[in-house]
Structures are given as C-alpha cells and as structure tokens.
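For reference, the structure discussed in these notes is given below.
To keep things simple, chains are lettered A, B, C and D as they appear, and every chain counts its residues starting from 1.
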Amino acid sequence: MDELDIETVAEVDLDDPVLVEGLPGVGHVGKLAVDHVLEECAGDCTLVRRIYSQEFPPQVTVEDGVADLTCTEIHAVSFPEGRDLLLLTGDHQAQTNAGHYVLTSAFLDVAEEFGASEVYALGGVPTGELIDEYAVVGAVSDESLLESLEEAGVEFRENEPAGGIVGVSGLLLGLGERRGFEAACLMGETSGYLVDPKSARAVLEALEDLLGFDVDYETLDERADEMEDVIGKIQEMEQQQQMDVPTDDDLRYIG
Amino acid sequence: MDELDIETVAEVDLDDPVLVEGLPGVGHVGKLAVDHVLEECAGDCTLVRRIYSQEFPPQVTVEDGVADLTCTEIHAVSFPEGRDLLLLTGDHQAQTNAGHYVLTSAFLDVAEEFGASEVYALGGVPTGELIDEYAVVGAVSDESLLESLEEAGVEFRENEPAGGIVGVSGLLLGLGERRGFEAACLMGETSGYLVDPKSARAVLEALEDLLGFDVDYETLDERADEMEDVIGKIQEMEQQQQMDVPTDDDLRYIG
Amino acid sequence: MDELDIETVAEVDLDDPVLVEGLPGVGHVGKLAVDHVLEECAGDCTLVRRIYSQEFPPQVTVEDGVADLTCTEIHAVSFPEGRDLLLLTGDHQAQTNAGHYVLTSAFLDVAEEFGASEVYALGGVPTGELIDEYAVVGAVSDESLLESLEEAGVEFRENEPAGGIVGVSGLLLGLGERRGFEAACLMGETSGYLVDPKSARAVLEALEDLLGFDVDYETLDERADEMEDVIGKIQEMEQQQQMDVPTDDDLRYIG
Amino acid sequence: MDELDIETVAEVDLDDPVLVEGLPGVGHVGKLAVDHVLEECAGDCTLVRRIYSQEFPPQVTVEDGVADLTCTEIHAVSFPEGRDLLLLTGDHQAQTNAGHYVLTSAFLDVAEEFGASEVYALGGVPTGELIDEYAVVGAVSDESLLESLEEAGVEFRENEPAGGIVGVSGLLLGLGERRGFEAACLMGETSGYLVDPKSARAVLEALEDLLGFDVDYETLDERADEMEDVIGKIQEMEQQQQMDVPTDDDLRYIG
C-alpha cells in the first residue's frame, strides 16, 4: 500500500457538484450534519470513493465480526432540488501535521475529478457554555463569498475563530483557495462539551439555504431531545449536590 | 539500508500455505501461541525470511555476547497432517502509525510470494478480570468466513472488540482484504494483566480445528501452571492484606 | 501540494540584497524587528514570495471572515539609502526537527534566486531578568565577519549563547555557511518573559549601522511604553502582595 | 540540503583501517575515549569527513562567536604502531528511530569507502553503583570474534546488557553484520550517574590490546582525578547530612 490509496467504488455523472466535508471535530457537529444528510437521502446516494492512507490510525473497526479498514468515504447525492453533493465523512482525522495536508490534497483531487469547484467544510466552534440560540459562524477562502453566506444567515466576526481553523476543515479553505476552489467553512456554535445535534441542524439549515436542497430533521431532532435529557439529568445532579452542601446561611442557624 | 529489507534465508516449496501471525500484544497471547508451534515442530520448520526495517526500534538483542538486529522472522512449517504454515513472529511491533502499514504490507508480500491466500492473526482481547473459561473471539475480513470459524468454536459478538483491532493484526485483515486475502483474527480472552499461556492454548485449539494440524500442549500447560502459581501467590498476599486491615466489625469491638 | 510550495507573488530587481529573517522566538524580538521595518517602509516594499509547507501547522488564520493558509512571507524593500533587503517573516516555525532544515533550505533558495549572498537572522537571547541596557549578542558563520559586527556594537562572548542557536536562525548560519553565504545572527538581550520592543530596537539599530538604512522608531517606542506600563503594574501588584504578608517584625508587635 | 550530506574534507590513504565510534551515551564513556585518542595524536590525525543530516537537532554550536552546524566528524589516524583508525565522534545522536538507521548506514558507507572491514563501537554500561574495578563488557556481530576479545580481557556475560544495545552502537553491530563488517561493542562499566574518565580508560586499554596502538593517559587520569574530587565532595556532604539528622541513639540520650 502506498501512502495514499483512492479506491474507485462507483462512477456517477454529477452536475457541478459541491464537496461537503463532515469529519469528527468539536461537538461532532460536522460529522453529525453530513451523516444526517446521508441517512435522509439513503435511496439517492452512491458511495463513489474510499480513501485509505498510512496517515490514518493503523486500525480496523469490527461490526458483527466483520472488519473494515479505517478510511474516508465520499458519497454522491443528487437531490430532486438543489445542487449535486459530494459528501465526505469518516471516523478519523489524520494523525500527523503533514498527514492533514496529504489527506486534504487527496480530497480536493477527488472533488476536481468530479468537476467540483466549491467546497463547504462543516464543523463546530466551541463557546464554553450551554447555548440557546445556535448561531453559525463562517470563514471563506475569498472575500467575494462573504455576501452570499451572510444572506444565508452565516455570521462573520472580527477575530473569530480566535485560534484560526485547524485540520482538514482549515486546509480545505487554505489549500482549496490555492487550487482555485471557492471554499467556505460553516461552524455551528456549540458548548464544546457534548455531541451537539442542534448545532448540526443550525449548520445544515444554512447549507440548505445556500445549496437549495431540503432534508427532514425528525431523526436529528430526536437525537437532540435525547441529548437534552442527558443535559437535564446532569443539571439536576449538580443542583442536588449544591443543595447538599450547607451554605453560609444554613450554618448561621445551626449555632 | 532501505526503509525495509527482506532477507531470503531459505527457499522451500509449500502447498497453499496459511500465514499465521503472532507478534507481541495483549497478554502475549499471539506470540506465545506461534512460539509454541515453533517449539513443537522444531525438526520440521525452516526459517525462510527475516524482515528488517527502520520502523523497528534501533536496537540489537545480545545473547551470550552475540548481537542480533531487531527483525521479524517467518518460518515455513509442514505438518504430517493439515495445511502448510508460514509462522510470523518477532520481539517488536512498529514504532509509528505509518510503520504498521509498511510492515503489514511487507508481510503480505512474503505471504503472496509463497502462494498463500489465507491469513490468521493471533492475539488477545482484554476482559479486565481473571478468566475461567477461555473463549476465543473472532473478526474476519469477509462475511463468507464467519461460518467456518463459528464451527471451530470462535465467537462473534455484536460490538467486540469495542475499540476495533489496532496494529499489525488489524491491518492484516484490513490491508489483506484489499489485496484479496481471506483474513481472520483469533483473539483469546485474557485478563490483560498477565502473560497468558491458557489463552494461547485456547487460540491454538481453534486454529488446529481450522487448519487440521496437531501439536502437543505439555510445555505450554507447564507455563500455564507456573502462571497459576504466580496468580495464587498474588491472591494470597491480597487476602492477607485484607485481613490485616481492621474492618468496621473489628472496630465495633474495640471501643 | 508537495512538501514545499514556493509561490511567486511578484518579481523585482534588487541590487545585491541582504536576507533578514524575523520569525517568532524568544521575546518575539526578531519578529517585532522585521515587522517594524515592514511597517515603516510600507510604501516601498513588495511581497515577492510566499512559502507554504507541510512542515507548518495544518492551519488557517481568519481575519474578518477570510482565511489565510499558514506561510512565510518574503518582502523586497529598497530604501533611499543603504542595502536592498529581503525581509522574511511569518507566524510559525516548523513543527519538526527535519522541518527546520527543509524550510531553511527553501529560504536560502529564494535568497539565492534574488542574488543575495548575505543573511542576518534576528532574535532574542534570554537573560532571565529585567534589562536596563540592551546589549546585542552576535554569532557569525565565519570568523572574517566578526570585525565589522563588533564595530557596529555587537558583542561576542566566549560561551554565549550557551546552548547554541536552535531553529531557523541557527540553521541560516549553519546551512548558509555550507552554501557560501555570509551569515550572522543578531540576538537582543531580553528577559525571556515578555514581548520586548526595546530589545527589537537595539537589534534594529545594530542592523542599521551594518546595512546603512534608516527607520523611524516612534511606533516601536510606543509599544515599548505600553509594555513598560504592563511591567510597572506587575511590579506594583508584587510589592502590594509583599506588603500584605505580615513579616516576622509585624508579628512581633501583634502579640 | 538532502536528508544526508557527507562532506569530503580531506582524502588520505589508510591501510585496512578500523572504524572506532564514540558518540555521547551512558557516562559519556565512548565519547571520552575517542576524544582522548584524538587529543593524544593531535599531530598525526586528519579530519577526513563531516556528516550533516536532518536527523540531527536543527542547531549550531557557538564558540567565540563563530557558529558550527551540528555534525559527526571522522578523523583518520595513523599511529607509529598498530592499525590505522577512523575515529568517529560528535555532540549528538539522531533524534528519531529511523534516524539512527540512516546515520549508521552513512557511517558504514564512509568506513567502506576507506576500505575498513572492522568496526568498534565504544560505550558505557550502567551498573547503578560506584565502581572500583572497571570491567569492560563486550558484544560482537559474530561468534568468531569472541575469542580475540576475551584474550584482551573483555567480558561476555549471559544476559548482558539486559535491554540489548540501542542507538548507533547497537546498529553498527546489527547493520554492520548484514553488510559483512566484523563489528564489536566495548562497554565500560560505569555508575551511570557521572561522566566517567576511568571507564573510558578501561575501554581504551582493551582497544589498545586489540589494535596495537599506544596512547598516554596523563590527561585522562587528570580528568578522572577531578571527578574523584567531585565524588569525594558529594560523599562528604551526604555524610554531613546524615550526621546532622539525630539517630535513634541520639534520641535515647535526649530524654
């Protein structure tokens, strides 16, 4: 096996498709979003490429006894309305700095092969606290893209994200721009502590606006409800603990 | 020296051999198993290849003053009954992620050279507690292999091993499948805390069933007995310590 | 993208230019110095090369929503008086040992392309304490360079810097010498705890002496004043804390 | 610069020379030994090769203001009596596992170029306690070398060194053997806590026996005396501290 091995699983004709990336990251926002689109269009999507690499962990996953080598998968999706999509997802990021460059270049190679010239990297931006209103923060490879994203409700802020964007999402913008792609990153606000289906929905709604497709959110909302239950129980336990600790007031009445 | 250096020590003709891997890992189960087969067939096995690599630690072992460079060895074994074997073992795994890919590819190259199309990776799966009944858990490169392994008593469980299979054993399945090998991993249950000859025997018995060869277990059982003695002493010491600590009941009578 | 990607942004004719490097390091002295020259000659400098590399972190910075891939920039500057300069700066050093060699070689390639045969690496040398008089310590690739630097007030000390010079600054001397460059490193003394504009000014004044150019220091002095304020406040807080702690004498009078 | 850069400093004719390696390691025994031979034959040795590599730290050392790039140096030495030597020394080992393989291969290339077919790797083996009698422990690439080394007083022990030999010294044996060199490692016993000139002398005396050359030990003995003084002072301080702590006996008389 070479450093990189792109397996052709199927060939399909796409009309000016858009590459949408959702690898694991903050709040699993990007992966939740892309996995949800894949679930919702199950009948209309085709697995077209698998990308294997020495940059991934040396690992197989096992399901019902059958092993699968770590890889990134790209599915082609044609919705009745809206743009054709190339959905990229997987269970792992690269394990080294250089590996992120190697893999991102390979992803852009595949996008180019299918005639794509636009890229959306989906992810989360951590706020450090629980969130009521899920804003979507953006970053683009070129100033000319700002307007259309702002019209779709994406927010651009002076110094955010403060530490820049690291990993494949960042490099899809950086390397993408150098190869002539129009690339944008949509980052859903998320606490950073929990898997966050609500943030994934916020990101997907912005993407629907931009690309004209339409998915149902029932299953994603169910996952969000489950997470709400988990959060509720955590908060209850915290309140209980606080009540068990005598406060200064309690102590005043003891003596 | 190149990144990889495969030394031809001897050439032998084998009839549709099976590659069996036993490198160091959980409970040393795989290495114990392959080393035991090598001991039992001492007269009928031939060292055919040594694989040296920059991916191994930069190290020689020294025995009676003579140094040997770290490598992986492959022996050819022809039993009176059952399939011909290529037994792979050594003292080290690769030291980097990419190294596991490089070495596994080299191992499969050698297997191919000898006309092998089947691979068994032997290892252990940690349970976190001492074990009475040593089950063997399996994983395969292709669904079609499940039935024959189940008939040999190998168990397949829905979400096991939970973290997948890492290192050469995992990649023999993952890369093996991509190169057209039929590959299976046999993992003996083991506490994960101790070298475990009993788990190695359980794995070997399943392999005997599958490949039709037959080895004696006297020396492996002796090692198992030695380990039992060690475990017995540890348990005694633990009980002694518990008796020395006054319990709540003891304290009740002091006052 | 290859391991290294040198983008030609513009071509300019320079007369025997000098490469001046100021990447992040101790007290940010080198980067402050080169950034200050770039600010002061804003009208007369041209961005000529961007150097991208897998050796940098896989990261984009985001400013007002627009992403920029991590790189090193080289500007050409022609002052009314003094030598032409190639100013090299950026936000990151290489992330691996080998990466420092790869990037430094690339920087020297660019210098060669523009006909440069001299290199100045700017940086700081940590003293561990706050400084009144900012000396500039030097190191050169060849003995013949000592005299001219000493005349510009640069100090050479028997065993300094004690640990040698690490990273791009060190390799510009080491690799530069092997490729026929005359290379020197100017290191401003600095506490090592704080960003140090005064040390950067000391280094720049030595460089002005050596290369004959002339910059205004007003903005750099303003930054130095801001840092003085910060230091003053820290010292005040420390003194306050010391006064709040009762000394042995205080305790004597309490009883 | 490539991954490896072997600079030809001078060419000399040698008669069947022996490569003797002394890089930094346990007790600096190997480096002290080779540096001492270089000092003693100052007039009769010629620097023939410098080996630069990305595998070394990215660093220059600075002496009296002049920088030198990290490298390994090989000197040719012709004594009036005894075998011609190629003395290899430097300030650094490789920084990665693979780097040790790369550098050792390069060192053997140079040895081959000068017609050498024998290699001695000098080093220390840690005992964990201060030493009176400095034994020299050996390891060889081939059984046939054991006898001549034993005659020179080198000891071979069943399971020593227990962890094998790591780094360039180990690989000179391991890779050397694979390339047809006769290679031996001479390891002076040393506490492992201190730079140990006495252990270096023990190793050199064995080497003199084996190769027939003759050096004076005055300067090395002076360094050993200095170390004795240091050790003496440490022991005094320890005894003083023990005396300051009241023992059980002291306490008996207080009450």
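Keep in mind that, in the parts below, a residue touches a chain if its C-beta (ideal position, glycine included) is under 8 Å from a C-beta of that chain, and two chains touch if they have at least 3 such contacts.
Molecules present, by chain and UniProt name: A, B, C, D = Archaeal enzyme of ATP-grasp superfamily.
Being a predicted model, the structure only gives us computed values, none of them experimental.
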Longest centre-to-centre distance from chain D, chain (CA-based): A
Interface overlap for chain A and chain B, more than half of numbers shared or less than half: same or different? different
Compute the distance, rounded to whole Å, between the mean C-alpha positions of chain A and chain D. 54
For chain B and chain D, let me know how many angstrom lie between their CA-based centres, rounded off. 39
Shared-interface residues of chain D (touching two or more other chains) are none
Just say which it is for the chain contacts: an open line, a closed ring, a star, complete, or other. ring
Going by the touch definition at the top, which pairs of chains touch each other? A-B, A-C, B-D, C-D
Along chain A, where are the residues that touch chain C in the complex? 94, 97-98, 100-102, 104-105, 138-143, 146, 156-161, 164-168, 170-171, 173-175, 177-178, 185
Please give the residue numbers of chain B that touch chain D in the complex, ascending. 1, 3, 5, 7, 52, 54-70, 95-96
